[in-house]
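Across the two complexes that follow, chain A remains constant while its partner is chain B and subsequently chain C.
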Partner chain A sequence: MMTTEAASQVYEDTWIPSACGMCYNQCGIRGHRIDGTLVKVEGNPDNPIGRGRLCARGLAGIQLLYDPHRVNRPLRRTNPEKAIGGDPGWQEIGWDEALDEITTRLKAVREEDPRGLYFAGTVISLAPLMHALGTFLPAFGTPNSFVSDGHHCGNAEHILARTLHASVTTNPDVAHCSYLLLFGCQAGLGTYYALTTMAQDVADARIRGMKVVAIDPFLGSAAEKADEWVPIKPGSDGALACAMLNLLLNEYELYDADYLRDHADGPYLLTEDGWYARDRESGRPLVWDANAAYARPFDATDLGTVALDGVYQVDGRPCRTVFRALREQVAKWTPEAAAEVTTVSAETIRKIAREFGEAASIGKTIVIDGQELPHRAASALYFKGAHGHDNAWSTSLAIELLNEVIGASNVPGGLLGTNPVCFGHPETGFPRWEPGADVDGLLEAGALLYNDPHGRSPGWPPPPTSAELPNLRDLVGWPITTCFTPAALNDHENFSFDHRPEVLINYGSNLLMSAARPEVCFEAFKDTFVICFNLHSDETAEALADIVLPDTSYLERLDPIPNFTRHHHPVGMGDWGHTIRQPMVEPLFERRHFSEVLLELGGRLGITEPMNLLTNHLYGLVAPHALAPDEQYTWREIADHAYKGWFGEERGLDWFEEQGVITWPKKVEEVYWKPFIHARAPLYNEWVKRSGEQVAKIAQERGMKGIDTEGFVPLPDWKPCRAWKPRDGYDLQAIYYRVPWHTFSMTYENPWLDEISRGEPYSYFVCINTATAHAKGIADGDPIEVEGVDGGTIRGRARLTQGVHPEVLAVANNGGHWAQGMPFARGKGVFFNQLLPMDLEHTDLVSLSMDCDARVRVQKVPEA
Partner chain B sequence: MRVRVKLHGGVRSCEMDPARSSFGLTLRNGGNAGDLLHALAERCGDPFRRALDSTDERLPRHLRLFVDGEMLVTLDQPVVPANGSDAGVTVVVLTPMMGG
Partner chain C sequence: MRLGMVIDLKRCIGCYGCQIACKAEHGTRPGTTYARVVKREWGVYPNVKKLSIPVLCMHCAEPPCVEVCPTGASQKRSEDGIVFVESDFCVGCRACVMSCPYGARYFQDEQRDYFDTGENEYEQALYAAHQAGVVEKCDFCRHRLEQGQEPACSANCMCKARIFGDLEDPNSEVSRLIREEGGFQLNPELGTDPSVYYLPPDR
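Up next, the complex of A and B:
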């Protein structure tokens, strides 16, 4: 027995640098370990991602590590009857037994038709997800991957982040911004990219005087802190943005003509049928040379003054400039017309448009690090609240163009792509990426997810070619993620795939709760052999899994370069910071890292060679740091190669385990790259128009129904989303909102975060406007039932508030768990997604965004 | 000059004889990625044929060609060195995912 003195002896007391993994932001952390036990996690001030700050989830992460309800050993289903809410009858088995069975099944699938392997993942575990998507799955030979939280993903925003900013997403340059307009987005005030860093930056900017206007049906984390809350009817943000464009372009004349002429396709001429007018010889888009008084290729060397606005005769036909087309396109959106749609008064629309345009300080410049740059001190940002509808593309385009017309795009004060230019570490030149221009002079994204050692990745996404993949990548290949796969598998009338899902590997995602109502995913995979690699026995595992494999949490695993690769860096000046995620403690029990298991499976399946080659491609590794094709590497060895490949021989895995992060200062030309890289932003989206025609043709040839290509518009407009219009007595719109202390559904099992929810008056309730509730005889705390017009019923308790639009019910995201394996989460909050179908009708085909609101009616019900 | 070609991933089924893990192709000395694509299109059809439709001088996103472990980026990059020594070519086809 230990003496008191011996028991109090401390043998180890150490701090370990790493990266948070409670959401996709990957903030720098350090963990305090004493005698093998992690006792504290705090922010790492040395890491530019977070700069020492953590949100509530990050602080609560330690509860995930020691959660007594985690899956600790492989489990096998003994109850052959799969059912939502059913008891799987878990039986613990050994890893060898589990992997032997999985290998046998995967070998059979690969021999028969590798497309029989399906994969679902989550962006929360980004580095292992990328490893699977980038190496294992293509090496195996299956294109059938999807991201279950694609329902809640950026979709249309990511497309425009790519075409206008060469990035995956965007953030405002609040350090130089005076006016921040948030459409259904909570940047710096609630949940969003680079959350913790942005929170400080937004706070600093507001002390300096930056005004924040939050356009949102719900008084959520951003609206409650904003200078002004503008309650709007869900799904109508596009109409508001069109009206603002109209005011800026046609009434107030607040636009940046130089930017639109020189850095966008504003002067490109359009034929009457809506294509760029092109030079007969070179095929280049034409602009109007006002000195020569004829149309010439945009890149002619001796161009005179280029006309931005007007209609000109080209080959005897009238051609408008893109700028003129945009002005005409939005002209019908008077503030009064938009007010009818949005319920925002015309007066408010005029005020916001004028404030936004004037704050932009068009014509002004600023000197940063000795460089004189345009200073456009206004920014419009949007996310799921605005584009989570089946009019996502057009809405997103309208909001993005607000920034473009005032020239606030990738210059100080404006909207910045998340770090699309990096010249690499000063000593090695790695990692390197930068965008360029395509043959039409338009911006072409640089490396997005794979790392090309040359800093570029080839070309635009492929055009529509077919409709043979359930994730629709061959029909609409430009959205980054989608969760449409289960809906396509269920839609037998439209999609007759020549293979079926034989095996599903489900990594970290809770499909049944994340991607619309659970029946959709259950139906799609109930006859499939399902492997869940996860932290908990969640709803998906209990309904569908045949085998559950115990995953490591982010505090138990190694992820080289977890902030893959630049999308989670804060925007603006400051430091680059490439980091490590490393185990704070060795994996507990029999938990294993997903990537290590994939390496083992790769070896068993004989696909090590292509996996190694693709790993080189994923990390942009070249000799001498590239993996040899035939060698079987450990995960640690791969991490060592990746770090040395980027930062030099002396900075391998050991160095990063010790130091945690490598930093160096960003350059002005990297951050505010627009004046330095001559690549025009496409205001006019000819590619969308072309894609729409190709999709329509494919649909017609295949006899597909419900493929609506009306939304493939090159310029913004507004049409109602399905939930916007009252139908058959369903008089309300239900929306979900995000609380900053939860990430999707997983964190509901965390007791500290549950405590926040319980102490906070709204997130476990259904919020309803006080006046609306009174008219319906509903009192605060009453049990209510919300019934969707497209099916689905949810129950909860009413919370009466004036902080929600009178025609709206608001529910916090992803509550209402029912799994036995998540006892803390079970029964807490309301399961909003039950109201959401997943089908073509509720999907914006351009971006694969799905309607994330529902047309509903509500009634008081008796106490259960 | 003969090069050995291994197909992996989504194009594995293009290989005529699934029992064989690789096959030989003849390319001219100094033959480049474009020449290799032509030869593969002739032998296997799609998706190599589709890649040839592109007007871009870069290899399409869905196709990755590795020569002795190094990835090729443009169609004019050599597969067979001008001196004619044999090259080991591994062709990996990426799945269309994550934005193509």
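Up next, the complex of A and C:
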């Protein structure tokens, strides 16, 4: 930072490096402050996350800082009647009064049963969320946390990113890719992880000649730029992927046999009832040694040629290899069969499958930084459009296996886990995480969310043990962004919970809008003491909150690791960048940082000691930088400990405040780690099959209804999602899509971003195919009503377009705010989630993904 | 020297980053967008295309706006061809707004703020530079050029779709791209000879 004293009236002219917080990507930014006022936010060229280029949202963040409608002081409800859209009768109170009351409530809950404290958070404010999840909540003693918009996140994708890529998310290595297949995803072309960096890399790759094929019901920003747009019926992507697998494996024979044999479980033998055939003595999975003509443990030291394909007799019983099982599993998915459910022609399916398989350049290698590596120049990537359905697990698995069968997984040109290997800063060797192999030889991720000093976090996935937690952590504990809590609370008799939510801390999330239709979350928490810690008095606060606490925006607060480095960091070669988020201005009015308030609450509740120990675990702090258990630290002191622990005594908080980011070059062994770490990718998901049986058993023992475990399949297949099936004259499917200038519903309050949407033709309308609209007598601009077969009605104006599947209505993001506290956002855009119920029936239990589309009908209505 | 810009329609994803990069750089009032994006759609499902076309002042070599300006407020810089408005000379007659075929000029009549609650701290600081009753437009960020920086929109573009440089230098990146990648101007038939070129989306 630099402060200048000029002859003019300017007494301060400063640039401050920090991290963005307008979406979950947390790109590097810098802010220009003159005389105490922030006058500009732009990308920080020194930061590898964004490399100085920023999206519209990040550039517009300054209007969040100075939004006159922000909550600036604690508020207390005076109207005891809680209601959706009701007036809470806010009364401003002081912080002491607010925290006194909260402390009293929390003390009572903790004495009675700490599980009475519930917590909801949002992934946008990732660092404070992680601090709460990692320290305050376990120290308090409650497991009852959830992410309010979790099912709109990558639930199924995150699971497979872990099992196949040792990470939380994935991104394609576009620098070496020549064919990018996008299933309901807009990586580098509008949304998705590391957008600002990926946009640069994807643009470069496309100029170089990388072909993009976008499979999507809506001609959104990725499909607009794609070389080929393949419109598909929502929820059927899995069938398309199964047909492509069938073509690659059974017809074209375009697959990477070496990869599947040596780096996946392709040769593992399966018993007839679908378990790995195991060695009687060691319990290790068996493979077929073709030289010895005998089944032997996969890790036997003197194995001969291992058979990838075939059926072999083991102990007198026929055992297929996993590879053979996969071939047989997808055989029924002929292109013609897939065409019927996807509406994509068989000819197109054949063409895409062949192009994808041929682009992979199976057998070819490339030299990067002196290392000869496999070069598989094709990637299949997917996100919400594909897996936002109640067939999410199987769909995601089918798409992931496209990369696996061509060997395009964690090698140049293929799909990369987002930075699952880090050897740490060259001077300290920290932070460090790396995957390895478990006892079955399968991939086990390194530490993903925590900076464990050992870099590993074994013991995943957790086995189903019970059904006593509303977030289902004890039943299906592996989806990261668990979201089911409100629906489970409403179904509490079925689940037979022995406690109720006494207090809810709702941090940064707008439950009522972000989960499903507002009634779901309202019902779940209407009798709970609700504390909303947020930027605005939003729909959730006005309906449910007893106390609202004014949060700092990302431009007013300190977060030592805003992005936990790996998830949203760009993939591929380049630099590591470890960033600070720091206040560009001191918190305005009486706004306070959530993490600081939790430290104070921890002190008031007498849980400072466990919080300090958990903080050491969260940040991987060891002596001499570990926190002392019994000392009350400030947030700045904790940040200083963390930085010094990772980067050395001379690089504490002061250093980061000055420099903003520390960078060092990535190593080729970190980026393209697959050839260097011998751990097999599981094509066959024995753990899912086992978990399904355990879940079914628990449900039966407890007499639970609606627990459908049919989806717990070890290999991919396709079944329709609920909204896919036409029902009772409801002839259309409604979907939402995402635009590059809005984040969920939160940015609808930003006037610069609103100005974009008002000038853009589609995003504040309901998009309907022109021919479909004409058949229904709907003209462009007509007011229309969209009614869901499972309840919920939304209104909007029709935008007739040729760029949407004829059986689909498409809505951008999730708008239509109604809170008094967000007057600017009110009524803008369309409130899509009104169409979504939230219950077991619409949920894929393997991944806790919900059907995020709806079976609907549409009609023109009179002008309001 | 003739400063100009190449906008690569293949790279551009229509994210509106340029519109907000410009907004953030200049702190303009509501409705004023020196840089903006036009969206077009054509064809019949499923053979349909969409295209995003970022537009800004074309900094024409033959600018009709300069020609019609009665006070000399609208000018073209002789040294580099930048077309700009000298606000102190502008009387707000709006002849230039009418004459510009690219819709690149914005008359500052309503002194609105964005939230309609009175100017916030940021707006108070930034709107001071914007006079009422005058016409405003893109000036290729003259203040940044003086500091050796490129215009805010091209510096920020996250697809690197906007390239800025000297059209008269045959070795510049803009000249090379126009020559080798089929650069074209918008509405060449009007004879305005824009200094903003586009590269085709499909190539």
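We adopt the following convention: the second predicted complex is superposed on the first by the 853 of 864 C-alpha atoms of A that agree within 3 Å, B and C clash if a C-alpha of one lies under 4 Å from a C-alpha of the other, contacts with A are read in each partner's own complex, and residues count from 1 in each chain.
In this text, a contact is a pair of C-beta atoms (placed from the backbone, for glycine too) under 8 Å apart; a residue touches a chain by one contact, two chains touch by 3 or more.
Source: prediction; values computed, not measured.
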{"item": "Which of chain B and chain C A:143 touches, first, second, both or neither", "value": "first"}
{"item": "Residue contacts on chain A - larger count, chain B or chain C", "value": "C"}
{"item": "First, second, both or neither for A:53, with chain B first and chain C second", "value": "second"}
{"item": "First (chain B), second (chain C), both or neither touched by A:769", "value": "second"}
{"item": "Contacts of A:470 with chain B and chain C, given as first, second, both or neither", "value": "neither"}
{"item": "Shared chain A contacts, counted only where both chain B and chain C touch the same residue", "value": "none"}
{"item": "Complex interface listing, chain A residues touching chain B", "value": "113-114, 133, 137-145, 158, 162, 448-449, 452, 454, 457-462, 465, 469, 471, 473-474, 477-481, 607, 609-610, 613-614, 616-617, 622-623, 626, 628-629"}
{"item": "Residue ranges of chain A touching chain C (in the complex, touch as defined)", "value": "34-35, 37-43, 50, 52-56, 59-60, 62-63, 65-69, 189-190, 195-196, 199-200, 202-204, 206-207, 219, 221, 223-225, 229, 231, 740-741, 751-753, 755-756, 759-762, 769-771, 801-804, 806, 824"}
{"item": "Complex contact set, residues of chain B against chain A", "value": "6, 8-13, 50, 54, 56, 58-62, 64, 66, 69-71, 73, 90, 92-100"}
{"item": "In the complex with chain A, residue positions of chain C that touch it", "value": "8, 10-11, 13-17, 19-21, 23-25, 27, 30-31, 33, 36-37, 39, 41, 43-46, 48-52, 114-115, 117-118, 120-126, 152, 155-161"}
